[in-house]
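Heads up: the structure comes next, in structure tokens.
Chain naming follows the written order as A, B, C and D, and within any one chain the residues start at number 1.
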């Protein structure tokens, strides 16, 4: 006999996912967002921020390997890495697996979330906050970047979606922000980012992000992957002034995986190549998208996943 | 103001999807299964059979292009095709796009479903039932194949999952059934099939189907794709005594698409190649699976998606 | 195996009822409101108007006997009756059971609803629309009453709740409307009405209606009853310039039931007396209520059941 | 912005209530049952045991005043009281309001629940566990009564419904148990009990309990009340070898309320009289019920509220 408690996630404006919660470990509000951490039979521990599932214990390796390793592997020798967001520490954990890394700065606005993660989400960070190469900064990432001239080999963007007209995340999805990111890349650097769900039946969130990033970078590539814990396919982006993701052969990626001694559970060199190949309907949507998000009128999604009027 | 009617689909034993129904076009029961057809804002018309969404108007092209064209394109000259299941007629529609096809036999047990589809689901069949090359048979597919010695270049399996201990579909997921399929392939023939969701956090449905098919065929390849209307990634299988799907170059596939004049909206030669590349965790699950479904003890899923005790 | 379709009713802002629909008989929109008619195992046929269940086949006798007979029985000889609202015809059906009735005028704004009821809801009207004493008028009830000087022995108000800031029903819940009702009563006449759910934990809908009616009438009495199909206790009102409901002895009511040959399934003379007795918390809420709904600033409920800001 | 967590309660087999949880204060399992305590906007703190809401902070006074005071007030001088069940302490709290009480024994099987209530549910017990007249026993109530010859003026039964074929509560709903209760009443004693929801559209739970109690007692009276936090009308029973509840005039009850200095928020002498008057359909169901629950074949409800096959 189980306890019939459910977390209801409005995946779209018309479809909602009801997830059974076996035990609620924590729920409340930091200065910036609501949170729930619960145990589930299907996915283990689940982290929710502001109405959306962010990560689940059993499949977070898929999300984080997909976010981190493509950018890290396309760079021949990543020594400094900036993580924008990434509060629970798993993105940092994956970055630190690359032995060339000497400095990994993580800037997340929500210090209370980080503290909670340290205590309640050890499966995610696995001690990465304590690594001597890690610097954890509690600040608005855009403000921090504007105030610090530090540059990096790899910049990873691991943010919540820009949901809601007053979402602060909106200002981290504009051309002006991507210009700032580019200016903080070292020569030969590359950006990797989570870039919104791909659900073309419902909206064009990912194509807009893709189109916007193309304003700032010479080379931009979408790669996609299914994240089981979200029940959705997500778009990710690689962007660089110099590196063309499509021109790096799988053999080179494979060689780097071996040289760096990476033990991965999901991503392989061949699978990265596969993720970079898009079906026709997605490619068409990217090619035809015209909306660019700018500071003057930033793009945002309604709470239910539709694009806002802005 | 909308009418708050919902269709609840138990995607797993622990997660349920609530889909808003704007209008219920039909609901009831044929001799074999319950059905609902409803209109939705996200996916247009939606067809439900026995508790599970089978197809949606807006994304059925993704499912049906993924099911049909890989097998059809790997065969150099498919002239005769057998479709097992496929009641609403869209699989047949895609098959008939290949100009080499001279005969397409569709065997579905549920003649009432076919009649309903003819009237209520024209977006799916688009007249394919009336094509002079089509033969529609209302019969149990396994029984029909046992009673008919007809052989085919391509056999496509488009069935509901074997959900429930008394599901008749169970007997179409066993080694003995796949042996029968193989015996009904012409020299150089190939089988393509929908082979269960890939949700390794929850169960090993696809690995069991894959492992079982390997008992009957020399060459077996899993390919995967995300089906938006199901909010799930599905596994598909290609199986042949002679054709190795991994050895056919994308350039050949592309050439065939052009020669046959196929206008596809989702599948491309390159994307087919990408679908055949599996992430490490999925490949590991396939490699390690040991369960084989046999007539004496057929595999089945509980209604909630877990494997049954059998 | 059932089809998992649900109707979701937001009983309050915080609690929702999910009712299983076995079959949707009709759904759509008249010029005035959305509607759904579905079959359910618990309550039989269910009628929904604008998001709220209005009536169910198996318990509508409880609602309609509770609404109609108290006012009719407190009047010694009701010959003319006006029904405000009451579109599906069951209120009219109960009125016509009283043999003294010579004329029963029903004014409902929604003629399309009445037509649909004639066809799909025979269990409700049971032919009452065809009775020679019935006059069915499709009009705004307040406008009709302003334009017609006809007076009645009994006026019954059977409306949907004033949900939504733009609900037209709002103008039938104000002092000015109740003054109009009083002016259309014959000497010795009485008004009976459905007057909102009693759920004091959540809001004061019924106390506000009660308080407002008291502005217009000398004698006002709340009586309450549980309506199973709504899973709620509702308040009803009796109001009259001359009849004090608390002063009519049960024995007189019982005598009238017998004289009129009424065959009732729920209401009895004693039970009417019991419904007029209120628990202390409800009586206190009535005594302390100060809000009066007026044309200049009519009271309304949010869609979820909370009182609107007006 | 709220956190969309819900508690789903299957009110019947066909209707479920989804209650929004603002914060989960505790969830888990004692040796005997699952429990959840959560905060809600509509009802404040809510206590759930084994899938069913037991009590809510804002309306528990309605339930507990309805359960306790009728039996206590019908007895002219209750000095000793036995409470069967009642783990969170509010029944005990109401009993202790009667100044004649010298001894109040509460026997609840679940000592872990009692300990949790002491810490987390002070709004319920309000210190009643510490009263010098209270004796709290952690034991199976039937076993305790069989092993102890103590007799009481009033015995109050405050149990969960007999849901599930293996529910231990089943054995506290049989003729044999009620015979035991009668044997533990002092001369002139009376039993009061919560006796199941009244939802005749769905099942005959209350009529069966009523019919069963009539096997053991000379005088048995059903009284009913709506419990807002359950969204249901419940049946309660008064049973005594000597006291006929219908023959005690309201004036006497009122006199006792005043003599005992009871400050009640819901129950009044008149309202108790009103609760004892039943509508015709309920009275008919009681009169016609023939099922009696006996040890040899105890009555039980399925988890969804239907009567079990036994």
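Operating definition for what follows: a residue touches a chain if its C-beta (ideal position, glycine included) is under 8 Å from a C-beta of that chain, and two chains touch if they have at least 3 such contacts.
Please read all numbers here as calculations on a predicted model, not as lab measurements.
Within the contact network of the assembly, the step distance from subunit A to subunit C comes to 2. Shared residue numbers account for over half of those found at the interface formed by subunit A and subunit B, and the copies are therefore classed as meeting with the same residues.
Mean C-alpha position of subunit B lies 53 Å from that of subunit C.
Averaging C-alpha coordinates per chain places the centre of subunit A 33 Å away from that of subunit B. The geometric centre of subunit B is 55 Å away from that of subunit D, both derived from CA atoms.
For subunit B, the set of residues that touch two or more other chains comprises 18. Every pair of chains that touch is listed here: A-B, A-D, B-C, C-D.
Within the complex formed with subunit A, the subunit B residues making contact are 11-20, 40-43, 56, 58-59, 62, 199-202, 226, 228-229, 231-233, 264-268, 270-271, 273-281.
The touching residues of subunit C, when paired with subunit B in their complex, are 1-10, 18, 21, 23-24, 27-28, 34, 36, 48, 50-51.
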